[in-house]
Each structure stands twice: as structure tokens, then as C-alpha cells.
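First chain A sits with chain B, and in the next complex the same chain sits with chain C.
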Partner chain A sequence: MGKKILLKNDHIPGIQSYDVYRQHGGYASVEKALKTMTPEVIVEEVKKSGLRGRGGAGFPTGLKWSFLAKPEGVARYLVCNADESEPGTFKDRYLMERIPHLLIEGMIASSFALGAKTSYIYIRGEYFYVARILEQAIEEAYAKGWLGKNILGSGFDFDLHVHVGAGAYICGEETALLESLEGKRGNPRIKPPFPAIAGLYACPTIVNNVETIAAVVPIINDGGDAYAQIGIGKSTGTKLISASGHINKPGVYEIEMGITVEDFIYSDEYCGGIKGGRKLKAVVAGGSSVPILPAELILKTAAGEPRLMSYESLADGGFATGTMLGSGGFIVMDESTSIVKNLWNFSRFYHHESCGQCSPCREGTGWMEKILHRILEGHGKMSDVDLLWDIQGKIEGKTICPLGDAAAWPVASAIRHFRKEFEDYVQKPSSIKDVKHYYRLHEAGTAS
Partner chain B sequence: MSATKEIKFSDESLALAEKLMKRYPEGKHKSAIIPILHIAQAEFDGWLSPQVMNYVASILKIQPIEVYEVASFYSMFNLKPVGKCLIEVCRTSSCWLLGAEDVISHIEKKLNIKVGETTADGMFSLKGVECLGSCGTAPMMQVGADYYENLTLDKVDNLIHRFKSEGKRKSYTDQAESKSV
Partner chain C sequence: MPKVTIDGHSIEVPDGTTILEAARKIGGKIVPPAMCYYSTLKTSGGYCRTCIVKVSKGSERDPRPMPKPVASCRTTVMDGMEVENITSPDLMEARAGVVEFLLINHPLDCPICDQAGECHLQDLSYEHGLSKSRYEFERRTFEKIDIGEKIKLHMTRCILCYRCVKVADQLCDGRVHGVINRGDVSEISTYIKNVVDNDFSGNMIDVCPVGALTDRTFRFKSRVWNVNPVDAHRDCKKCAGKVMLWQKGPEVFRVTGRKDTYGEVIDWICNECRFDKKQTSDWVIEGPSNIERTSVISQNHYTLPEPAHKPLLNDVKIVPDHYQIDNKK
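After this line comes the complex of A and B, so read on.
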């Protein structure tokens, strides 16, 4: 069995409730932090742990925390990013639904470390029922004295609130999230200033993903060094992977970083292999935004080394032959999948979700969607493939927020690795209707 | 929907709106706009009419345009009337890979409407939505507060039958029933 830290108790009946959570060691990190540690010491431990942001970018959390401005008399905020809208990602929902108190515990300890007296959990509106679970847990935590005034007699006052969104992928981008939390449209802000200087209500703010904040709990309990012992190289600790697509056992898995991709896909402990014993065609390893890789490159690097589930190994080879760990949204596609149609699906998504502030993103995502649609309808031209390539290149790096890049990378990588499939669609339009495109529901039957 | 219905929150909703506004610092109560719009949508027939948005503006003591701006940005807010049950089928990546298109076309046929339309009796509307964070249990759909996962066409039929016989409006703010079917 792999190493579990965050989900080590998720099988315990009733772990959702305060009493059971507490009986299994819950809130120990808050006790330890408030009674025996200073905020500075906690930040040091987080630095030592090597923890990297689990929302997608993988930025070192301790370093990010150390950037937080601390002007006298100005409020500071910690905002938890529970927007979780990156296609293929569902681990935060799992964590919040199963072990809501773990996030709350992490929020208290982290807010203490950052000097935040009020913090918010911004959760996507569709997760309304999860917001209710969190609110109930927060009520319990208030009732037991873990939230509110003078927590554990330490003099630390702290309030925690849940804030629901209303459907907008872009609100996962941290500055769009802050705009939304201020009651506005979710348009990303131009940086700098970064949130650590001027974030929520123009006050210094840290935005962290749900899983990042949950990981602070074991880091405080066991120490940063112990956390850094887990994993491989600069990919310390465990990672929650959301596994979906054509696999036998979809679900959320906590893995120790460094296991092989092959083991993750084929072993019974994790994905359990490809549905129906079919062949693996491609994987999107870190949510829809990261480059897609064909089977041979996801299982082995270009140099022939086994590919590992870690930030570095997945990125090995750069975008020419590698990808990114991203949010850990691991989407597996079998041989029946149409890469062109899958790409159209992604492009439609980004076009739909573009906030429209920058023209390369607003117009480019629409053009890419249209061209892909034209190819799928059998009206593609050979020059369309180059046109797609050209457009994605003119979006990447030229926008206010990284949604533009996120829209460009899937297009670039699909063309890079599967160009022939695009060309076949253009040259033999009649063949398109014979392509299966996806796993049909009636064929899926009840097979698990 | 009666045209004469006065636009005013129930006492309970008003109290909740007041409570929500207090979650934000002094003078920053505009932050509560999205949570309050959710309450309004649930209370006033599942959509936000200009009158409803004006009412929300009055509660928040902000200009109506500030409410329109926000309401029109977010996909969960309906600016036109919708059926009592808004069926939202995820059409993105993993759900698509596992048959979301089949689910959508099945519902279209069964209800005799297209995506974006409402049945003549006002009971159902159908919408295609983007990844709802339930990709491991694809294909899936959301109706009100509830996620219905690992869909098969039979499951969809049973659900539609049940919703129809219950005849109730479903809102995001409802207490979720069981998530499984």
C-alpha cells in the first residue's frame, strides 16, 4: 500500500463529524501551532517541507507565504481556492466531502501562521451541497472553541466563512477569484501587484488550493523534514490524483510522488488498467490544460526512462515530449478515442470559459473551436492544421492570465503528437463518420 | 409564475441575506452578492428577472447595474425563465469520453426538446454544462443541489420519471438528497 497522509482516515465511518475526527487526532496541529509555535516557525516548517501548491502551478508554498506583506494595522487574508473547475479534477470535492474538518483545521493553522483573522473558502457554486457540509463542520468547530475569539486561550481570534461562486472556470484563477469574492465579475487582474501585496479588498492575501492547505496539517504535526522525506526530489509529499476516463477504477487516489505512471495506470491499487482490456492511446496527466501525451511518451520519457508521477518527471522533455503534473487531473483515453474530437471538446470549453478581456484569448479560442468543428464536419483543409498551430502560438504568453496558455497547450500538443489524425480527417472526410469518437454508453453496459 | 407576485424575500431569506452580508468586513457587504443571488433565484421561480435583480440591489444598497453585471457573468444564474427541473448534463472531457453525448441526445428525444429549451409544460429544461468535478463518476448530470453520477440511459429515464411525478422545483440551495440514484 502506498503512503497516505491526507486520506489516511477517510475510510473511518463518521469521519465527517467532529467527534470522530477529533478522536482520530483531529485538530492536533492547531493545538501544537497555537500552544508551541510562532507564526514564523510554522512558515519555516512549511518551507522545509518542500510543499508545492496543489492547485496546478506547483509554486513552493512556504516561499509564497514569505512574500505576504505585513503592514501595521492592515488586515491580511487567507483565501482557500475550492473552485475546482479544471476538467478532470475532482480531488478537492472528495477531500471536502469526506473529511471537511481537515480543511478547516488546515485553515486555522495556516491563518495563524499568516496572521489572518478572517479567512474565506471560495467554493464553486455547483458544489452547493459540499458548501453545506463545510458550513456544518465550521459550526461544530465554533461550538468546540476552535474558531472564534481567543482560541485555546492563545489570544488568536479567527473567523472562517464559506463563500459560494456561481459557475465560472475562470474564478479558479486567483485574481479572478478575488474579484468574484469582492462581488464582481470574475475578470483576472493585471499583475503586479500580486495578491500577497494587494489581494482581497486590496489587503495582503494568500490564495491556496484546498489540498495545499490540508497538507499543512501533517506538516505541523510531524514537522517539515518528515514531510520532505516522502516523495522524490523536489516533489515532496503525497499528491491527490483524480483519475478518470477509460480505466477500470476511476477515483481519487493519494499517491506518494515518485511511483511510476505505468504502475498508476495498470496496478490494481490504482486505476486497474484500461477498460475492456483495450489499448492505451493517450493521457492528459494534469487537468485539461496540460499537454496531452501519447501512450509511449506518458509511460516512458523520450530518453526511455520510466515516467514517474512527480512534477519533474512528468515535465521531463519540456513540451516537446513532456507535460505537467498540473492539478493531478489524470484523464486516460483508450484506442477508441478521437483526439481531434477530444480537442474540439477542450477548445469549446476554453472558448466558453474565456472571460473576454484579452483579444488573443477571446477571439483565438473561438477561432480554434470553429476550425476544429469544421474539420470534424468534414470541411477541413490541410492548411487548417497549420492555422490552428499558428493561432495557439499567438495566444500563448500574450494574455492577462494563464487561461490563454491553458487553451493553447492542448492544441499545440495534440497537433505535435497526433498530426496524422488531423490530416486523415481532412483528407478522408468520409472516414470521420466511421470513427467512434468515444466510448458509447450502450456499449459500456454495466461493466465496472 | 404569477405576474402579480410581489418581489420580496420571505422573512427567512431576508434574515439569511443579512447574516451573509455580515461575513464580510464593514463596507464590503457587496461581497455577498453571489450568495444572495442564489437565494433570490431559488425563491423567485428559478431565474433572475430584472425586477428580482433590482430587489437584490436594494438589499445590498448598490446600483442595479452592479447586479446585472454579476448575474450575467456566471453560468448558474438564469436570466430567462427555466423549467422546474433544470437538467444540467456535463459535456466536458471525461464525461464526453464516457458517453455524455448519448445522455444528451437521449434526453432530447425523451423530452422532445433541444439543449437550451424548456418542455411545453414548463417542467424540464436541458442544458449542457462544463466539468462539474465529478469526472471519476462520469457521465453525470446535476439537477438542483444533486449530482447524479455513473449515468446509464435507464438511470436517466428513472430520474426523469421521478422528477415528473414529484413535480417539484429543484434549486441549488435545496438540501441535497442522496447523491446516488
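After this line comes the complex of A and C, so read on.
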């Protein structure tokens, strides 16, 4: 069995409720932090742990915390990013639904470390029922004295609120999230200033993912060094992976960083292999924005090393032959999958979710979607593939927020690794009307 | 004072100056085009991405280049920073990409658009655009609406530069005007149709870089190059009263704020001066306005002044030829 820390009590009946959670060691980190540690010591422990942001970018959490400005007399905030809307990612929902008190515990301890007296959990609009679970857990925590005035007699006053978004992927981008939380249109801000200097209501703010904040609990309980022992290299600790697609056992798995991708896909402990024993075609390893990789490159790096589930190993080879761990949305595609159709679906998503502030993303995402649709419908031209390549290159790196990159990377990687499939769609439209049919022919080598 | 070098031209500027403002101090061809930045509107800029530049050296202290092109209107200079604009072919290609994005859904109805001749998008596409569009899909359209009594909104032409939103936020009371929806169906809109009724709302027309916001008292009356701009002023209780009258003979066709070389209004004017004072007798005439723009609007008027420096890069074709012709005069 792999190491579990966040989900170690997941199997216990009633762990959602305060009493059961407390009986199993819940809120110990708050006791330890408030009674025996100073904020500085906690930040130090988080640095030692090597914990990296679980929201997608993998930025070292301790370092981020140390950037927080601390001007006299100005409030500071911790905001938990629970907007989780990246296609293929559903681990935060699982954690909040199953063990809501873990997030609340992490919020209290982290806010104490950062000197935040009020903090917010910004939750995705479609997760309204999870918001109720959290609200109920917060009520329990208030009743038991973990929230409110003078917690555990330490003099630390702390209030926690849940704020429900209105259903926009872009509000997961941290500065758009802050705008939305302030009651404004959820447009990403132009940086600098970064939130750590001027965030919510222009006050110093840290934005962290649900899983990042939950991981602070074991770091305080067992120490940063113990956490850093888990995992591999600079990918310390465990990671929640949302596994979906053509696998026998889709779901959320907590893995120790460093297990092999092959083990993750094929072992019975995790995905349990490909459905119906079919062949693996491709994997999107970290949520819809990260580059797609064909089977041979996801199982082994270009150098022939086994690919591991870690930030470094998945990124090995750069974008030419590698990808990213991202948010851990692991989408598996078997040989019957149409890469073109899947890409069109992703592109449609980014087109729909662009906030529209900057020209390359606002205009380019729609353009790419339309071209892909045309190809898919059998009306594509050979020049469309190059046009798509050119458009994605003109979006990437030229936008206000990374949504532009997120829209460009899937297009670039699909063309990079599966160009022939796009060309087949253009050249043999009649054979691809029925996608499944096309793949059967293709396999038998009779498609022409 | 930090020293910054842009396309080989060095200048010292006060702390906090943006790359774009530093470039404007140098002047000439190296000034990046700006479609959304507006010197007199706070927090403007950053949206359109036409002003992107390549920072090949971050600063003296940290000489690493910046990994991506940056918006010059929102990036402040650092001591020792080196910037490439028209000297970087990659950057020019990236900018051409931005221009293409701005144009794919634009109706290109210049022949019937009041803004033609003083349109920043027209200038921009002339300088950087392709002669043929690669976009083969239906362009997005919106219904025209009146926002307030004097302003027409033709959203189809809008490039979502947010300048009018900043005017509404910074010059008018209440939150009456903003953006609804998202992505490529975003729309400039008012809280309630016709609600824009404020002494300074007319400035939205001046800041709009394209023909999306036009003056209903001037629409379809004349092409802008057929009316002559004249500087004039009057004693006004609400604003500085310094305007340009656009005349054909003695007749005043429209009144606008006075603009600088980059087409940006220097002093905001009130709606009374703009819409209600259309007699020459309302004004003290100062004389012909100097239009210092590399745009059609400057044709048939007055020659451009010499650029602030002799451009080093005469081989780079970046402005229309008439600019050079005018310079030789």
C-alpha cells in the first residue's frame, strides 16, 4: 500500500462529522500550532517540508508565504482556492466532501502562521452542495471553539467564511478569484502587484489550493522534515490524483510522489489498467491544460527512463517530449479515442471560459475552436493544421493570465504528437464520419 | 534615475516610468503602438497586447531576460534594462499576431464608419497587418444601441480596450457602464439602456480608439479629413473649456477634446462644450490645430514636426510612407 496522509482516515465511517474527526486526531495541528509554535516557526516548517502548490503551478508554498508583506496595522488574508474547474480535476471536491474538517483545520493553522484574522474559502459555484458541507463543518468548529474569539485561550481570533462562485473557470486564477470575492467582475488582474503585496481589498493575501492547505496539517503534526522524507527529490509528500478516462477504476487516489506512471495506470491499487484490455493511446497527465503525451512518452521519457509521477519526471524533456503534473487531473485515453475530437472539446472549453480581457485569448480561442470543428466535420484543409499551430503560438505567452497558455498547450501538443491524425481527418473525411469505425480500419491497416 | 535602452536608444527616466512612456520620451519609430493604454486614465492598459516588447536584459542587478514579451504600458523600467521593439523580428511577428487577433472579428466597415481617418485600429493594421485575412468564419455582430442621448454604441466594432469603462469609472458618478458577458461575446453595456447621462460621458467618444462609440450629433455628417480642426476655448464652469472645433467653412460639425501626438486627450471636456456649443460665436478661436499623428487625419492639414531624434533604423518600414514624405518637406 502506498503512503497516505491526507486520505488516511478516508475509510472511517462518519469522518465528515466533527466528533469522529476529532477522535481520530483531528485539530491536533491547531493545538500544537497555537500552544507550542510561533507563526515564524510554522512558516519555517512549511519551507522545510518542500511542499509545492497543488493548484497547478507547483510553486514552493513556504517561499510564497515568506513573500507575504506585513505592514503595521494592515489586515492580511488567506484565501483558499476551491474553484477547481479544470477539466479532469476533481480531487479538491473529494477532499472537501469526505473530510471537510481537514481543510478547516488547515485553514486555521495556516492563517495563524500568516497572521490572517479572516480567511475565505472560495468554492466553485457548481459545488454548492459541498459549500453546505463546509458551512456545516465550520458551524461545528465554531461551536467547539476552534473558530471565533481567543481560540484555545491563545489570544488568536479567527473567522472563516465560505464564498460560492458563480461558475466561471477563470475565477480559479488567483487574481480573478480575488476580484470576484470583492464582488467585481472576475477578470484576472495585471501583475505586479502580486497578491502577497496587494491582494484582497488591496491587503497582503496568500491564495492556496485546497490540497496545499490540507497538507499543512500533517506538516505541523509530524514536522517539515518528516514530510520531506516522503516523495522523491523536489517533489515531496503525496499528491491527490483525479484519474478519469478509459480505466477500470476511475477516482481520486493519494499517491506518494515518485511511483511510476505505469504502476499508476496498470496496478490494481490505482487505475487498474485500461478498460476492456485495450491499448493505451495517450494521457493528459495534469488537467486539460497540460500537454498530451502519447503512450510511449508517458510511460517512458525520451531517454528511455521510466516516467514517474513527480513534478520533475513528468516535465522531463520539456514540451517537446514531456508534460506537467499540473493539478493532477490524469485523463487516460485508449486506442479508440479521437485526439482531434478530444482537442476540439478542450478548445471549446477554453473559448467558453476566456474572460475576454486580452485580445490573443479572447479572439484566438474562438478561432482555434472553429478550425477544429471544421476539421472534425470533414471540411478541413491541410493548411488548417499549420494555421492552428501558428495561432496557438501567437497566444502562448502573450496574455495577461495563464489561461491563454492553457488554451494553447493542448493544441500544440496534440499537433506535435498526433499530426497524422489531423491530416487523416482532412484527407479522408468519409472514413472518419464514424470515429470508432475509422479507428478499427486504421488499426487493421486498411484505412486509405 | 534608471537608465533604459530601447532599440539602441538610451534615456534616463524617473522611477516608476513605464517602458512605453520612456519610449514616448525618446519618440519616433521605436514607440510601441498602444490601443488600450491612455495616459490620462488611471489603470488603463495591459489588455490589448499591441504594445508588447521584448526585455532582453531585465536590469543591471538582474540581467536575465524576461521569459515572455511584456506589455510595455504596464511594465516599469529598471536601471540598465534593455528593450527590443522594432529591432526584434520575433517581437514584430508576435505583434502582427495581436493585430490579426484584433481584426478577425472586426467588421472592417471603414467606408461607412465615422472613425475612419482617425481610427487607431486602421493605423495599426496599415502598419502591421496582413493584406488578407486568414479568418474564414462569420464575424460576430451586435445590434447598435444608443447609450444616452448623444452617444451611439456600435459594439461590433469594439476592441474591448476598456478605455470607456475607465472614463465611466473615473469621470462619471456611479457605476453605469461596464462589460457584460465574457470571452468573445463580451459586450460594453450600460446598467440600464440610456442611463449614461453625465456631464463628462462624452469623453468616452474621444477615448474610443475605433468607431464603437460615436457622437450622435456628428454621425454621418462628414468624413473627418474633410473638416478642419481649429483650437478654441471658452469660459466653462465645468471643464477647462479647451477644445478643437471641426469646421467646414464657418460651420462647426463637431467639438472634441484636444489630443496629443498619440491621439490621447489632454484635458477632458464637458458635454455642454461638446454637444451644445456648435456656433463659432460660442468660442474664442485660437487658430488651426496641429495634428501630430501618422494618420490619415493629418493629411490635407499640417505637416508633422520633426521626430525627437533621427531614427537610426530607416530600413525598418514601420509607419506609412506619407510619414517619411512629410518629414522631408
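Here, the second predicted complex is superposed on the first by the 436 of 448 C-alpha atoms of A that agree within 3 Å, B and C clash if a C-alpha of one lies under 4 Å from a C-alpha of the other, contacts with A are read in each partner's own complex, and residues count from 1 in each chain.
FYI, contacts are C-beta pairs under 8 Å (C-beta built on N, C-alpha and C of every residue); 3 or more make two chains touch, one makes a residue touch a chain.
Everything quoted here is computed from the prediction, not taken from an experiment.
In the superposed pair of complexes, A:127 makes contact with chain B only, with no contact to chain C. Taking chain A as the reference chain, the count of touched residues is higher for B when chain B and chain C are set side by side.
Of the two partner chains, chain C is the only one that A:370 touches; chain B does not reach it. Once chain A of one complex is fitted onto chain A of the other, the partner contacts of A:362 are limited to chain C, with no touch recorded for chain B. Once the two complexes are overlaid on the shared chain, A:329 sits against chain B while remaining clear of chain C. Of the two partner chains placed by the overlay, chain B and chain C both lie in contact with A:168.
By the touch criterion stated above, A:185 is placed in contact with chain B and with chain C alike.
By the touch criterion defined above, A:353 reaches both chain B and chain C. Shared-chain residue A:286: touches no atom of chain B or chain C. Applying the stated contact rule after C-alpha superposition, one finds that A:342 touches chain B and leaves chain C untouched.
Residues 168, 185, 352-353 of chain A lie at the contact with chain B in one complex and at the contact with chain C in the other. Chain A makes touch with chain B in their complex at residues 75, 84-90, 92-93, 118, 120, 124-129, 132, 161, 163-169, 180-186, 201, 242-246, 250-252, 284, 288, 329, 331, 333, 337, 342, 345-346, 349, 352-353, 438-442, 444, 446.
Remark: chain C residues 45-50, 52, 67-69, 71, 74, 94, 97-98, 100-102, 104-105, 134-135, 137, 159-160, 162, 178-179, 181-186 touch chain A in the complex. Within the complex formed with chain A, the chain B residues making contact are 23, 25, 28, 30-35, 37-38, 66, 69-70, 73-77, 91-94, 96-99, 101-103, 129-139, 142, 145-147, 151-153, 172-173, 175-176, 179. Residue ranges on chain A touching chain C, taken from their complex, read 168, 170, 185, 190, 351-360, 362-367, 370, 387, 393-394, 397-400.
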